[in-house]
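What follows is a set of structures to go through.
After this come two complexes, each holding subunit A, first together with subunit B and then together with subunit C.
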Partner chain A sequence: MIARIIESASPRALALLAVVTLALLVAPWLVDSYVLSVLIIVLYFAYVGQAWNLMLGFAGQLSLGHALFVSLGAYTSAALFIKFGVPPIIGVFAAIAMAVVAGCLIGYLGFRFSIRGVYFALLTIAFAEFTGIIVDHISWLGASSGLFLPVKNQQSNDLLNLRGSPTMFYYVILALTGLAFALCSWLLNSKLGLYWQAIREDQEAAEASGVPLFRYKMIAVAISSGLTGIGGVWYAFYYNNLFPETMFKTSQSVEIILGSVVGGVGTLFGPILGAFVLTPLGEVLTAATDGMHLDGVKSFFWGFCVAAIVLFRPQGLWPWIYNVLGLAPKKEGER
Partner chain B sequence: MSGGLYLNVAVSGLLTGLIYGLSALGLSVIFGVIRIVNFAHGEMMVLGMFATLVLFRALGIDPLLSLPLVAAALFAFGYLLQDLVVRRVAHLADHMQFLLMASIAVMLISVCLMLFGPDAQNAQVSYGFDSFAIGPLLVDKVRVYAGAAALVVSGLLFAFFHYTPTGKAIRACGDNYTGALVVGLNVRRLYALTFGIGTACLGAAGAIMLLLVDVHPYLGPSYTLLAFIIVIIGGMGSLPGALLGGILIGVSEALAGVILQPSLKSAFSFGLLILVLLVRPQGLLGKVAR
Partner chain C sequence: MSASAATGPVGALTVRNISKRFGGLVAVSEVSFTVAAGEIHALIGPNGAGKTTTFNMIAGAQPPDTGDVLLDGVSLAGLRPDQICRAGVGRTFQIVRPFNELTLVENVAVGALAWTDDVAEARDHARGVLELLGLGDKKDARPSSITLPDRKCLEVARALATKPKLLLLDEVMAGLRPTETDRMVAIFKKLNADTGLTILLIEHVMRAVMALSHRVLVLNYGRLIADGKPEEVTRDPEVLACYLGAEAFD
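And then the complex of A and B:
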């Protein structure tokens, strides 16, 4: 599989990929703790963006409720850790199970009752908000005052319990992002991925050609929600606090999808590129507007930038950069 | 006693529901004709509330009297927004349209934050604490006026869409885009008008709502979600459906607040939404999707 990717890519693209990968691998030694914290957030959004992209970009199903899967993963692993001492390395399986069950429930209801497009998106929002309100009332999970993980001394890195320094969290999320990328690029070119793209492009035509719509859409939702749930585990142990007031909100879902959309929906590098553009953009805006002491300036420019990208680069930044940098292989029949 | 309590709560929920309905009309009109989901819905309504607040504070105009002014201002805003910006994403996929509207929502929140700060503010009218007593019923005066105003504006809207040539032309665009183009309707202008009318509804609803609730910049998203629930329950694109959905949600939220817990009332609405989506996705009064 890797051989095929290397074969089909241009030398320039491979060189760029190698440089970026190497830079990410050695980054903790080169940058200060602030830049590292930004990189960690970048990679988190690259990871969950990739997971979300699998559902819309590959299989054509728009979810605006992915905050639900992050939150379920986060709450499940955190609750198991706090209440029963289950380490996240085991809790992650429960987290995946919770997220996949929720994803499959939404998918089953949505696809069985053929709720499509905007309506399906609204169904995902409804489930996320609904669950958020319910969790807000479960005192065992901290209810509205939040669920907190014990923060101990950070001297040693304990990978199994996900307790340690930012550098450890950096490598964990970097590994997750890399694995998700590998998984997605393998899936995209597999038979499954081709079925998904057929559904994405024209559902009726795919059905007429004998693609079992329901089964393949369900698989897409299951993989996407499961991957997102893993992201939630990482989130819980990195941030150490969870509030239903923010976790399940649509604004959280928007943050998840933003990178992918800005980078380019349906592309493999889009979610990663989008995260690398947006998170630093937010940081730069924070720094630039800090001196103005006026609430809202930063978010205004933030919204403005996103609107500008939607209006002027509706395909996302990746296809554009791909052409600008001349990364396309010089082969016939390729874009 | 408890029967009287429930009746009181239900009536007050019904009156609030009428305002919800008016606001949801704004969403429904825009989706029904332009097929764009206005994810900045709640934020535009909050903009209307702040505009009303400014008129009240600076000139002492009663929110109900400034309603036409605010509606007109929001109409101009919506008209220009559609004609200059939203029109350009009409051919894009759902998620791009969503993102554009969401970023407009973020900008609106930011502007409100910059101008008015994050604190909750209200317009205290002289009749704020008065109430009407009808037998065992005790209804707040503001709520009666608010519900009546919402009903009047909705009535005007129905009349516009059913009896004026422009209103009929807009409905024609919504029913058949290509057909509207073929018979020579100026679809671009009609779309801008539609968007303007939709946001004018929000301006009106915002002006009325200011009588009942305190306004702050972060109020928007909850109104957006509420309007979605109402419109889907009533039927996307159906005007009577929006009003019916508004009343249903208004009453059920009010009752859920008394019977369960106030903080659980929106869980009840979301549950209702999920149920309707599954059982009757086109909504109670909606037409089957084309």
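And then the complex of A and C:
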């Protein structure tokens, strides 16, 4: 499969991919701790963006509640670690299970009762918001005052317990982003991917061509929510604190989505590119306006970005860059 | 397709008393007919007669309010459209519905995935079907970049790729030039002769109806008003009165 992707790519695209991959691999030695912290956030959004893109970009199902899956993954693994000493390498499976169950519940309600498009998106928002309200009232999980992971000044990196330096977290999220990319490329060219795209393009025509709509939409939600839940585990152990009033909010979901929208929904590189464009811009802006009490400036800026993209590059930046850089293979082939 | 050739014609369709009501409007009223395995029947009638609704009931897109549809004697009642497709009923849509962001090969491969899980095999089969319908050289194009007649062919290709026993064609000749119609007619005749594929087509192009059909069914206001050989039906006074008019036969 990987061999086929490499075969179908142009030499220029492969060279670019190799350079970017190499740069990301050696980045912790080249940049200072601030830039590294920005790169970490970039990769986090590249990762969860890919997970979200799988659902809308591939299968055509719009979720505006992906913060729910991040939060469930984060809270599940953090609570298991704090309360029972379960290491995140084990806890991640519980986190995936929680996220997938929630995803499948939403998916079942939406797809079984033909709640489509915007109404399905509203359903995802509703689940995220009311789960947040529930967690806000569970004192065992810290309720509104938050859940905190113990932070020790550690000398060594403990990968199994996800305790260590920013460099370790950088490599973990880099690996996750790379694995998610490989998974998405493989899925897109598999039977699942073709069926998802058929559903995205025309649901009735897909069904008439033998595509079981319900099953394949459920698979998309399950994979997307599971992947996002893994991101939540990383998030919990990187940030060490979880507050329901921010975790489950639609603004979190929107932040997950923005990178893909800017980079190109439905493309493999779009979510990654979008994260690399948006997150540093947002960080720079936050830093530049620090102390000026301009609280909404990041949201305003992002709103501006999305409006600009929708107006001038509705397909996102990736298809445009793909053409500008001449990355298309010479011969006919797959995307 | 090839499998059915060895076992003789399959895809016998029996429609028993199917009706469909939309609010106060009876779109189709107690329609019954059969299409024998390996035959080609045309379903004609004026606009709004219930032809497409009849198709939708056979294909499961709109389950009938009453009555039953059987394929080779097995009821299709309660099955979803994708299950009916896998049971052997392929259909096209009157207004073409291609998967616009997919290439032609991928469009058709989606159909082939109804009987295989192997994407490479589905693509191979899709290339063969596209070749058969004269779209071989456009296989890597997107549907938006091909002509409407080609998109009609694509619609047929996607349905054929599911390896149907019964093919439902909803006005695939509409908008085609006479030479293109003749080419399409030749393709269906060959498919029917070679593989025993049963075909039911909705068609306004009488040139195609007369050239292809063993029998013609006429719907008017949701009722079946004629069912017979093409030359009989086209002489039926009731049919002439409601629909055809003498000039249709020039």
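Note that the second predicted complex is superposed on the first by the 316 of 335 C-alpha atoms of A that agree within 3 Å, B and C clash if a C-alpha of one lies under 4 Å from a C-alpha of the other, contacts with A are read in each partner's own complex, and residues count from 1 in each chain.
Everything below uses one rule, namely that a contact is a pair of C-beta atoms (placed from the backbone, for glycine too) under 8 Å apart; a residue touches a chain by one contact, two chains touch by 3 or more.
Computed from a prediction, not measured in an experiment: that's the story for all the values here.
Participant: What does the overlay on subunit A give for subunit B and subunit C, a clash or a fit?
Facilitator: Here the two partners, once superposed via subunit A, fit next to each other without clashing.
Participant: If we overlay the two complexes on their shared chain A, which of subunit B and subunit C does A:190 touch? Say first, second, both or neither.
Facilitator: The answer is second: A:190 touches subunit C but not subunit B.
Participant: Touch check for A:261: first (subunit B), second (subunit C), both, or neither?
Facilitator: It touches subunit B, and subunit C stays clear.
Participant: Looking at A:310, would you say it contacts subunit B, subunit C, both, or neither? Reply first, second, both or neither.
Facilitator: After superposing on A, A:310 lies in contact with subunit B but is clear of subunit C.
Participant: Have a look at where A:129 lands relative to subunit B and subunit C in the superposition and call it first, second, both or neither.
Facilitator: First partner only, subunit B.
Participant: Applying the document's definition of touch, where does A:201 land relative to subunit B and subunit C: first, second, both, or neither?
Facilitator: A:201: touches subunit C, not subunit B.
Participant: What is the value, to the nearest 10 degrees, of the angle subtended at the Cα centroid of subunit A by the Cα centroids of subunit B and subunit C?
Facilitator: 80
Participant: Superposed on chain A, how close does subunit B come to subunit C by Cα atoms? Whole Å, please.
Facilitator: 12
Participant: Find the residues of subunit A that appear in the contact set with subunit B and again in the contact set with subunit C.
Facilitator: none
Participant: What does subunit C use to touch subunit A in their complex?
Facilitator: 59, 61, 80-83, 85-86, 91, 93, 97-102, 106, 109-111, 113-114, 117, 119, 122, 140, 158-159, 162
Participant: Give the list of subunit A residues in touch with subunit C in this complex.
Facilitator: 189-191, 194-195, 197-198, 200-202, 204-213, 266, 332
Participant: In the complex formed with subunit B, which residues of subunit A make contact?
Facilitator: Touching subunit B: residues 56, 62, 64, 109, 113-115, 117-119, 121-123, 125-127, 129-130, 133-134, 136-137, 249-251, 254, 257-258, 261, 265, 294-300, 302-304, 306-307, 310-311, 314 of subunit A.
Participant: Show which residues of subunit B lie in contact with subunit A when the two form their complex.
Facilitator: Its residues touching subunit A are 37, 85, 88-89, 92-96, 98-100, 102-107, 109-114, 117-118, 217, 221, 225, 228-229, 232, 261, 263-264, 266-267, 270-271, 273-274, 277-278, 281.
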